[in-house]
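Quick one: structure below, then a few questions.
Labels run A, B, C and D following the written order; every chain starts at residue 1.
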C-alpha cells in the first residue's frame, strides 16, 4: 500500500489529474452553499457584459452571472456522470462477471448482447429516448448508462477470463468452492484495478456526453444551469460576447482532462506491466 | 476464410434484425398511439383517424413490423408527414451532405492522427513524444462542438476565411460547397485525430516490445527499417479497429456538428423530425444510422482478415 | 577470433548506476563453442545481448568486445547494423514469438541476404530454399510462402536458425535455444546446431540454465552467478572437477537417472543476492558452506587451478578435492 | 492388498474443435484415450510426457476440475465422477493440488494465512480463528517457512518460497494424495533441489502419496517410485521408475530417455531420431499412435492398436514389437561400451 501511495505521488499525470478533479468536486460542493450571484437571477440591463470586478466571468444574454452558472452547472455534470457510470458499472460488471463465471451459452448470450449494443451510440440512444420520454436529465443518464453497460461487461469478462485461467483460481476450485463464490472472492478483487481505471475514463466520457446532449437540447433543460446548454446559448452571441463560449468549454475540457489523467495515471500505477510501456 | 466471411455477414444481418425490432418496439409500441403523438393532443379527430389509417395503427403489430422491414428492403421508407415526400428521398438528399462531411473528417483525422502517433512512437520518451501526448490529452478532453464554436470565432468572425454556417448545396459548385464543409470537418477531425494519434502511438509501442522486433534488429535492420518493415503492419491491426469504431463515432458526431454549423444533413433532419415528432422519419433515420454503424464494424472485421494471416487459417 | 575483455553492463538508476554484469572476459576461436551457464538473474542473457549491441534502453556496456579485429563497442549504431545478422547472429528462446506473424517465412529468411549480401529477390529466394533445406525443413521450396503460425515450435526454431545462418556469421549466439521446446525436439535442434558448427566453422555461444545442454554441447564454459563469472574453463574439466563451490553445488543439485532412493539431492541454501547489490565480500559468501573470514574481506581473485581453468574462489583447490 | 489410492479405468476425454467450415463436420480431439492406471498408497506416481500429450488434462480430471467423456476415476475407492458435489467437497480435504507457476498459483491480494487456510473451507468452518492460525503456523513450519510469514503477501517471497507456500496450502488438510503439476519446472536448479527434497520429506513424514506430473524424466525418476509415459493421450509404457528409465521398452520412451542431454556425452550420435511430432490425435485412428514417428514401425503397427501388456511384474508397455526394440537397444549399448 505504501508503495502504491509513493508511486502515485510521484506520477505526474496522476497529480495533475487529481488536482483538477479535486477542483471540480470542491467547486460543485461550494456551489451547493454559495455562488457569487444566483445562477438563475435575470438582469437584462447587464446582459452580455464581459468579465468585470462585479461579474468575474461576465454575464450572458439574460444578464445571468456566468461564474455562478458554471459553478452550479458542475453539479449536473457530476451527478449525470456518477449515475451513468454507476448504472454501467453495476449492470455491466454483473453481466461480465456472470459471463465469465458460467461460460457456455450464458457467456455467448451476454457477449452477443453487448456486441449488439455497440450499434447504438449515445446520441442515437438519446434521440430514441427523447422521442419516447421527451428531453431531460434522466434521458442523459439512461443513454450514457446504457452505453456504458456493454463496455463494462466486455472489460469485466476479458479481465475475469484471464483471472479464471490463473492457477490460484484453480487452487480455490480444488478446495471445493463454487464458481460464484470464487468470482467474488478471487476474481473480482483482482480485476478491480482495471475496472477503476475504466470507470474513471468513462466518467470523463459521461461528462463530455452530457454536455453534448444538453447542447443539443436532449439533456438537461433550462432553467437548470448546465455547461452544454450554456454553450448552446453562447453560440448565438459568439460574435458579440466570445467569453460566453470560452469559459463553459474550458470548464468541460479541464474536468474531462482531469479525470482522463487520473485514469491514465491509475493504469500506470495499478498495472506495472503496462506502466513499463510508457 | 469463406466460412469466416459468411459467419460475419450472418452476424451482421442478425444484428440489423434485432436492432430494427428494438427501434420499432421503442417508437411504435411503448409510447401509445403514434398518430396522437405526432399530431398533438388537440388534433382534429378526422385528421387523427386519417393518419392512423396511413400508419396502419389498426393492423396487428407483427404485420406492421414486417411491412416496414419489407419496405426497407426495397428502399421504401414510407412518407414523411411534415415534408410530404418519401422518407427515402428525403434521407438520400441529406445523406449527400452528411456522408461527404463524415468522409472528409475521417480523411483529415487519419492523415493527421496516424502519422503523428507513429512519429511520437518513433521518438518515444523525447520532448516530441511528450508534445504529442499533450495534444492527445487535449484532443480527448475538448468537446467537438466547443471546438467548432472556437473555429467559427477565429476563422469566420475574426478572419472571415470561411462561412460561419449553412451549406450552399452541391448545385452551387464544388468549391463553395467544400468551403462550407471545411470548418465542420476540421472541428470533427482534430478531436478524432488526437485519439488516432494516441492509439497509433501505443499500438506501435506494443509491437515494438514483441520478440520478433528483436529478431529483426538481430538481423541487422536499423531502427527505422525495423519500424517500417516489421512493426507497422502488425500495429495496423489495432489501429484499423479503432479507425472503424471512430468512423462510426464521426458519423454520429456529424449530428452535433451539423447543429453548430446549420448544415442541412442527416443530423439536422434528426432534430427537425424530432421536434416535429415526425416518427416515420425518426424511425427510418435511426435505423439507417444504426445500419451504417454496424456496417462499418463489419468492414473493419473483414479488413482484419486481410491484414492478419492468422485469421485466414483459423477459420474463426 | 572473438575476444571479450572486462565487459561491464550497467543500468542507469535514479541515484546511481546499477551494475548487472561485472568484468566478463573470454576468448573464442572459429569452430569452437562456448557455454554460458547460470540461473535466472545471473546476467547471462544481458551478456548475450551486449554481444549483439542490442541492450535495451538505459542499459550500457563498457569494456571491449573484439570480433576479428573489429572493436564492436566502439562502432556507431549504423556500423553495428552491418555487423548484426552478418558477422554475429543470434537465436532466441521463444520460437513462437520471435518470428513476425504477418510475414511469410521465406521473406523473413531472405531479409538478411538482401540486406547484407545485396542479393536480388530471386537469388535470395534460391538461397532461402537451400537454407531451409539445410536446417531440416521438409519440402522447403513449398514452405517459403507459409506463415509462422502454420509451423510447429521446433520448425520455427529451425527457421530462426536459418535466418541466423543466412550470412554465414563468424559467431552465432544462442540464448536458451531449446528451453521452450520438448525434449525430443530439443535433441533435434541441439544436433542440428552441432552439425552446423562443424560444417561452417562458425563459433557458437550457447546461453543456458541447463547444465546438461551445456555439458553436451560446448568446448569451453563460463559459470555466471549474480552478474559475475565465478568459474571458467574447458567444459570437461569444469564438470569433472568444479573449482568453485557454486558450480560444485549446482552440479550436485540436479537429479540424475538411477539415483538410489536413499540419496538426497544436495541443495544450495538461500537465494541469489539482488541484482546490483554492492558487494565487498565474495558474492557467493552468503550461501557458501566453506566461507572463511577472508572471504568476507574482499571479492576473491581468479585462481588458476589447471590449464585455462580458473575459479573466483580462494579455496578453489579445496573445492576440487572435495568433489567426488 | 491395500486399496489403491487412485484407480482410473478406461478414461477418455474428447474435445470438440470449432468447425473449420460450415460444410464439414466439427472434428474431435482425443486429449485422453483409454487411460488405465493404478496408484498404490505410499508409492508416488509420475506422469511423463511432452507438451500437449494430455498429462495436465489428466491431473485436472483427477482433481475433479474437469469431467471425462467416459470412464471412471476412483480415489480411495470412491468414484469422484459419480458422487454428488457435496460428497466430493467433503472428500476434497483428502486430495490437494500443487501447481506449476509459483507466481500465478497464489492470489496476489490475499496474505499467506488466508491462502494457506483456504482448503480448510472444504472441511467446514468448525475451527476457531485461533485454531486456524495455529494450524497455518504449524504447516508453514513443516515446509520450512516461519509462522511469522503468514502476515506477508506473495510478492514478498522468492519463487522457491512461494512454491513452499503453495505446498503448505496443499498440506494443511493433511491429505493422503497431492497432485503436483510440474511443481519444480518454473524454479531454478538450486531451488528445484530444495523443493524436491521437501516433497520427499513430506512423503516420509506424513505418508502422502504424490501424483507428480512432469516433462523432466530425471525429476520424475528422483521423486517417484512408479511412472507412466503418455503419448498423444495414451499410456505407452508404465512401471517402476527404476526399470522404466534404465530399460525403456517403448520406442517413444527410448527416444525420450535418449533425448535428455547429459554432461560429458559430447558428440554422441543418436541413431534413431524421432521425426517432428504430431500435435493432436483427431478421429479415433486405427493403429499405433506412435507409428508415424517410430523407426521400427511395421505394417501391423499401422492397422492394429497395441494394448498395454505386462512384461515384468508391474512393468507394461503398449508396443507390438517391444522385444525387438529391446534387443536392438541392448546390442547398441554393448557396441557403445566396446568402442
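Methods note: a contact is a pair of C-beta atoms (placed from the backbone, for glycine too) under 8 Å apart; a residue touches a chain by one contact, two chains touch by 3 or more.
Predicted model only: the values in this text are computed from it and were never measured.
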| item | value |
| --- | --- |
| Contacts common to chain B and chain D (chain labels) | A, C |
| Contact-richer chain pair [A-B vs A-D] | A-B |
| Computed distance of Cα centres, chain B from chain A, in Å | 22 |
| Centroid distance [mean C-alpha coordinates] between chain C and chain A, Å | 52 |
| Intercentroid distance (Cα basis), chain D paired with chain C, Å | 31 |
| Chain C-facing residues of chain B, complex | 210-212, 214-223, 229-230, 233-234, 307-310, 313 |
| List of chain A residues in touch with chain D within their complex | 166-168, 170-177, 186, 189-190 |
| In the complex, chain C residues that touch chain B | 52, 54, 77-78, 81-86, 89-90, 92, 94, 97-103, 111-112, 115-116, 147, 149-150, 160, 163-164 |
| Chain D to chain C touching residues, read off their complex | 50-51, 158, 160, 188-194, 196-197, 200, 215, 217-219, 221-223, 225, 242, 245-246, 255-268, 270, 273-274, 276-277, 279 |
| Chain D contact footprint on chain C (complex, rising order) | 39-40, 152, 154-155, 182-188, 190-191, 194, 209-213, 215-217, 235-236, 239-240, 249-251, 253-259, 261, 264-269, 271-272 |
